[in-house]
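Shared between the two complexes below is subunit A, which has subunit B as its partner in the first and subunit C in the second.
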Partner chain A sequence: MATATQTQQGFVPVEALEKPWRFDLFRRWPWLKRLVRMRSFQYFLLLPNLFMFYLFLIAGLFGTPVGSSNIIIMYVWILWWFVLIAVMMPFGSRIWCTMCPLPFFGDWLQRGAVIKVRSGKSPGTNNKFFGLHKRWPKKLSNIWLQNFGFLLLATFSALLVTRPIVSVIVFGIMIVVATGLALIYRLRTFCNYVCPISGFLSLYAMTATLELRSTDKDECLKCTTKSCIRGSEDGWACPWNVYMGKLDRNNYCGLCFECVKSCPNDNISLFVRPFATSDIVIRGYDEVWKASIMLVLAFSYSVVLLGPYGQLKDWANISEVGNWGGFGLYAIGQALLALVVFPGLYYLSIRLAKWYAKIDNVSTKELFLRYAYMLVPMGLLAWIAFSVPLIMINGSYIISVTSDPMGWGMDLFGTAHFPWTPFWPEWVPFIQVPILLAGFYYGVRGIHKVGRQLFSDPVQLHRSLVPPTALLLGVTLVFMKLFIG
Partner chain B sequence: MTAKEIAGVLGVVLVLVGLPLLLRAWQAGALLETPYPPGTRIITLTAVADGGIWTKEDVVGHNYWRRTPTRVNEIEVNQGDHIVLRLHSADVLHSFAIPVLRLGPVDVPAGHTVELEFDADRTGVLTFLCWQMCSPEHPKLRGHFLVKGSESEEEDDEW
Partner chain C sequence: MSNSSGENVRSTLLRGIQIEARNAKVYDTFAQLFQGYDDSVTAIFREMADEERQHGTDLEQRYRARFGPVPVPAEEPKEVIEAPDLEDAEALIFDSMTLVEALEVGLKAELMAREFYQREAERISDPDLQKLYQELGEFEEDHVRRLEEKLAEKGRAPKSTAR
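Up next, the complex of A and B:
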C-alpha cells in the first residue's frame, strides 16, 4: 500500500495534508450512544426487517407471478434498491448490514443467542461460539467471489427483477449459504467474502458521510484487551474481524456496533464527515475490478433498461424472448466490458499518465490502484442517476402493492387500485445530470487528493491527473448521452 | 436463558409462525370487514394467457413457471346460489364478461384480483369469456357456468 508513511522520493506525508472535519455524534447526543450500547439495539432494527423479508419470500412463492404486483419485486428491486443506493450508502455507510436479515439465522446458530452475548473461549475471541469456527482460506480473503457473484446476478437481472420466484430462489440460496458458512467458518464469512451485495456496499461505503472509528487511535494501541476484535462479556467479537485501532476505511465495517458495546475504554464513536473525502485508498485489484464492474453495470443497465435499443433489450430478456444466442452475446459482452475492456482503458490512462507526467518514483501498479478511487464516487453517483427514473417512473407500483402485497385482492390501506402514475418524468434528466456531474467532480477531487499524497511537484501532479480525468470525463459524457439523448 | 433472550426468541418465532397464519386467515376470509352473506359461493378463476386458460387452481409464484394449470370449461352451480367471482390475472390484462347476464366486461389487470357478484336465479348455461384481446390464444379463454335446479324443478331455461 502506498501511503504517506512510505518514504519514497516525492511522497508527501498524509499528516501534511488537511484532514477532513468530522463530527462526533456520540459526544453530541449521548442518548444515541446509550441506544447503540443496548444489547437489543441490532435486534430491534433487524426484527421488522425479518418480518418484511419473510413476507417478501412468502409473496414470491404464493403471491401473484406478475412482478409489478408482487411486493418482493417492487419493494426489493425498486424501493429497497433506491433507498440503499441513494440514501443508505451515501449517508449511512453500511447501515444496511446492521439490519440485514440474510445472515440472521447463521448468527443465531453461531452465537446460540439472538440478543445476549456469551463470554467464553473460541479461537481468537473472548466469546463462546458454536460451529467449527474454521478460518476462511487466505486465497479467498478478498472480494473476488463477490465480484463474480454480483456480475453473475446482474447478468440474469432481467429475470431477477421481474420474476418473484427467481428472487426467492436467489435469496433462499443466500440464506442457506450464509447459515452454512456461519456453522463452518468463524464470524461473518458470508458477509465478508461471499455476499454479492456486500461487495459493492464495501466499495461505496468509502464515500459515506458516516464512519465508526476509535476516538483516539493511541488509546487503542495502549489497549491490552483488544475487546473490539476479540469480544468481551459486553459485546461479541467483531463479526467482520476488524480491529478498531487500525480501521481507517469504511469498507469492511458492517456497523453492528458490537465494538461500541465491548470497548472497555469508551473509545469508539460514530462520526459524520464530508461526502467522498476521507476514505480514498483502494487497496487491491479486487477493489479496482469491483469499481469497474459496478460502473459498467450501471452503464449496461442504463442501455438495456432505459435506452431505446430494442435488440439489446430482447437479448437481455431471456425469460420472455428466449433468444439464448442473443443472451449469450449480451452476457459475454457485458462481462468483457466489465472485466477486460474498461479496466484496460483505465490501465491505458495510467500508462499515459506515467508517460505524460514523467513519473518514475511511483510504480504503475501503485498508480493504477490509487487513482482507481475516481471510479468509486463516479460509480455510486452513476448508479443513483440510473435509479432515479426507476423510482420516479415505477414508484407508483409501490403504492398499490403496499395495499395488496400478494396480488390476492387485499386493500389494506385503500391504495390497491392506485394506477401506474409516473412522478414528474419530465424532471428526470434535470436530476440525473447534476448527479452525474457530482460524480465526476468527486472522482477528480478524490484523485487530486491522492495525487497530492504521491507527488510533491505540482506540474507532475497535474499532468498525472490528465489522462484519468479524460477517461472519467468520457464516462460522464457517455452516461449523459444515455440519460438525456 | 435470560428473560430478554427468551423475549427475543419469542419475537422471532412470532414472526415466523404468525405471518403465515395471518395470511392464511385472510385467504380464508376470516379478516374481511364485511363478510359475504351466508350461502355465498366463492369461485376463484385465474386467467392465463399462455394456452388461453381459465383455471380454478392457484397460479402463483412457485408454480406459474413449471406447469400448465388445469383448464376449467364448465363450473356447476345451483339455482339460487349467490356467486362471488374472484378473478385474477396471472400475466397480462384480461377482461371478464358473462354476456347473457350483461355482467362485465370488467378489466382484470395483470397480477390483480377483482370481484364480481351475481345471482344464479335461473337454470341454464351461462357462457363467460375474456373480452380483451389478451394473447394469440385469447379465443380459448372461455367457459360456462351450468346452473342446475333441483331434480323436480330442473328446466333448461333460456337466459
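Up next, the complex of A and C:
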C-alpha cells in the first residue's frame, strides 16, 4: 500500500529521494570554476565548432554527392553521432548544447552581443534582450514538437545520412528557425521546444554522470535576486529558463554556465555523480513518448541497418531504391510502433502491475509516468550498442575523408586512400551485449528506486516491478537477437 | 527585564524585520520572473510582497516603540525561518505556474515561520522573549489563515510535479 503522505501529495518531494554520492569538481579544481566563469568560456568551445560546422556545410553544398566520401556525412552522422551518444551523453550530460552551433546566430541577435552581458529589464530578466521577447504558447510548452520532429527526421534518415545536400538543407532550416524564434520568443525557445536533437538530449541527460547544481539549497532559499534564472550584470538570464534553487534533474539544463557567472553567492558547482542514479523522475506524457520513440528508433535502425531483412532495407532506403509505397509502409509501421504499439505494451505492463500488486492508492497515470524511467537508461544504452558497429565498421571512412573532405581527390594529410577497414568486427557483439545488459540493469534498478518511493510494502513493491521488468527483459532480448543473431 | 533578555528581544525583533524585508524582495523577484506569463500569478506575488512589507513596517513600529530607531542591518539574516521559494525548477519551461501554486509558495513559507516561532516559544524560558515568539507565531498564524482562505476560494488541488 502506498503511504498516506505520498498519495496525498502525488509525487514524493525530491528531498525525500535518496541522494547518491556526488563529487564537487569546482571545489576540487578551482581553476575549472575560474575558467567556466570567464565570459568567453562558452565561445572558446563554440567558435571552433561553428567554424567546423560551417566547413561541413560548404562541403555538403559543393563537395561530392557521394555520402561516404563527403565530410559532412562521415563526421556528422558517424563520428559526431557516436561521440554524442556514447561519450557526451553518458559522461557530459548536455555538454553538446554548450557548444552547439545551431542557436549561435539567434543568441547573438537576441543578446546583441557575443560575449558581454547587457543589463536591463526585458520581461522576467535583469538583462536587455533584442527582439519581441514573447511568451511561447503554453500548449506548446512541452517536448511534443521535438518528439514528432525527431521521428520525422529519423524516418527520412536514409536521405539524411547518404545525401550531403539533404543534411545541409536540414541544418540550414534549423539555423533559420532557431534564429527566427530567438527574435520573436524568449530565450532559447528553439532549444527548449523545437530542436529535435535537444529532445532526446534532454531525456538521456538524466543518466549522465555530470550535473550542474546549487551546492547549498538553503543559500538559494535566502537568495533574493534569483540571478541564476533572471540574470545579472555578470551573466545572462538562464537561456533554458531553469531555476537552479530547485533543480533536481538534468533534462533542461543546457550547461551554458551562465548561472555560475551570475550567482551572487557563488553557490553553483559542477558535480560528478554515478551513472543513471540521480534523476529518476519522468514528469509528463511527452517525456514518456520521447523515451518510447527513441527506443523504437534504436530498434528500427538496428533492424534496417544491421539486420538481414533486405526488403525492409529497400523500403527504408528511399534515396536509392525510390519505392514510395514500400517507404510509406515502413514509415507508417515505424510511427505506429513508436507512438502506439510500444506505449500500448508499456501501458499494459502498468495495468498488469496495478492488478498484480493490488495497487489502489497510486494512480495509473502516476505509475505510468514514474516507471517509464526504465526506458531511459535502456534506450540510451541500446543506442550506444547500435552505434558501436557504426564506428567500428565504418569508422575508417573518417580517416580517408579527413584528407579529402569534399571528395574532390585531395590528399591533405596523406590518408585519402586509407582503405575501408572494419576495426575488430568480431568483437562487436561482445561489446554490444554487456551494454544492453547494463541498460536492462540500470532500467530495473531505476524503477526499483522509484517503487521504493511509492510503496512501503516490499511485497507490493516487488510485484509492481514484475510486469514492467518483464517488458524490459523482452526489449533486451529482442535487441540481443538483432545484434548477435 | 534583564539586559540580556532585552537584547534577545531586540535582536529577535530585528531579525523578524529583516526576514520580512527579504521575503518582500523575493516575492518582487518572483513577480518579475513571471512577467508576461499568467497575470494572476504576477499579481499574487506582488500582493504577497506588499503584505510582507506591511508586516515589516508593523514590526519596525514595535521595535521603535521599545528600542528607538531601527538600525540598518550589516548583513542578511543567516537563518531560513520563513523563505518563500519556487517548488518547481522547470515551472517556466512548462509554463506551469498557477495562481494556486503561487499561493502555496506563500503558504509553505508562512507555515515554516509559524512552526519555527511556536517551537521557539515552547523552548525558551525567558518570559519576555517567549511572549515575543508567541506574538510572532500568531502573526504568522494570521497569514497562514488568510492564504488558506484564498486557496480555498481557488479550489486547491493536490500538489504534483506531473504534467
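The rule is short, and it goes like this: the second predicted complex is superposed on the first by the 467 of 485 C-alpha atoms of A that agree within 3 Å, B and C clash if a C-alpha of one lies under 4 Å from a C-alpha of the other, contacts with A are read in each partner's own complex, and residues count from 1 in each chain.
Note that in this section a residue touches a chain if its C-beta (ideal position, glycine included) is under 8 Å from a C-beta of that chain, and two chains touch if they have at least 3 such contacts.
Computed from a prediction, not measured in an experiment: that's the story for all the values here.
Annotation for the three-chain superposition on subunit A: subunit B and subunit C fit side by side.
When the two complexes are overlaid on their common chain A, residue A:305 makes contact with neither subunit B nor subunit C. Vertex at the C-alpha centre of subunit A, arms toward the centres of subunit B and subunit C: the angle is 140 degrees, rounded to a multiple of 10. When both complexes are overlaid on chain A, the residue A:242 reaches subunit C alone and has no touch with subunit B. Applying the stated contact rule after C-alpha superposition, one finds that A:478 touches neither subunit B nor subunit C. In the superposition on chain A, A:408 makes contact with subunit B only, not with subunit C. Applying the stated contact rule after C-alpha superposition, one finds that A:136 touches subunit C and leaves subunit B untouched.
In the overlay built on the shared chain, the residue A:220 is in contact with subunit C alone; subunit B does not reach it.
Legend: residue contacts after superposition of the two complexes on their common chain; A:32 is shown touching neither subunit B nor subunit C.
Touch criterion met: A:62 reaches subunit B, while subunit C stays clear of it. Once the two complexes are laid over each other on the shared chain, residue contacts for A:398 go to neither subunit B nor subunit C. With chain A fitted onto itself, subunit B and subunit C come no nearer than 28 Å, counting C-alpha atoms only. Those residues of subunit A whose C-beta lies close enough to touch subunit B in the complex are 39-40, 43, 47, 50-51, 54-55, 58-70, 108, 113-116, 163-165, 168, 404, 406-410, 416-417. The part of subunit B that touches subunit A in the complex is made up of residues 1-2, 4-5, 8-9, 11-12, 15-16, 19-20, 23, 26-27, 58-62, 64-65, 86, 88-91, 109-115. Contact residues on subunit A toward subunit C in their complex (touch as defined above): 8-11, 123-124, 133-136, 138, 141-142, 186, 192, 218, 220-226, 229-230, 240-248, 251-252, 281, 283-286, 365-366, 369. Residues 22, 25-26, 29-30, 32-37, 76-78, 80, 83, 85-96, 158-163 of subunit C touch subunit A in their complex.
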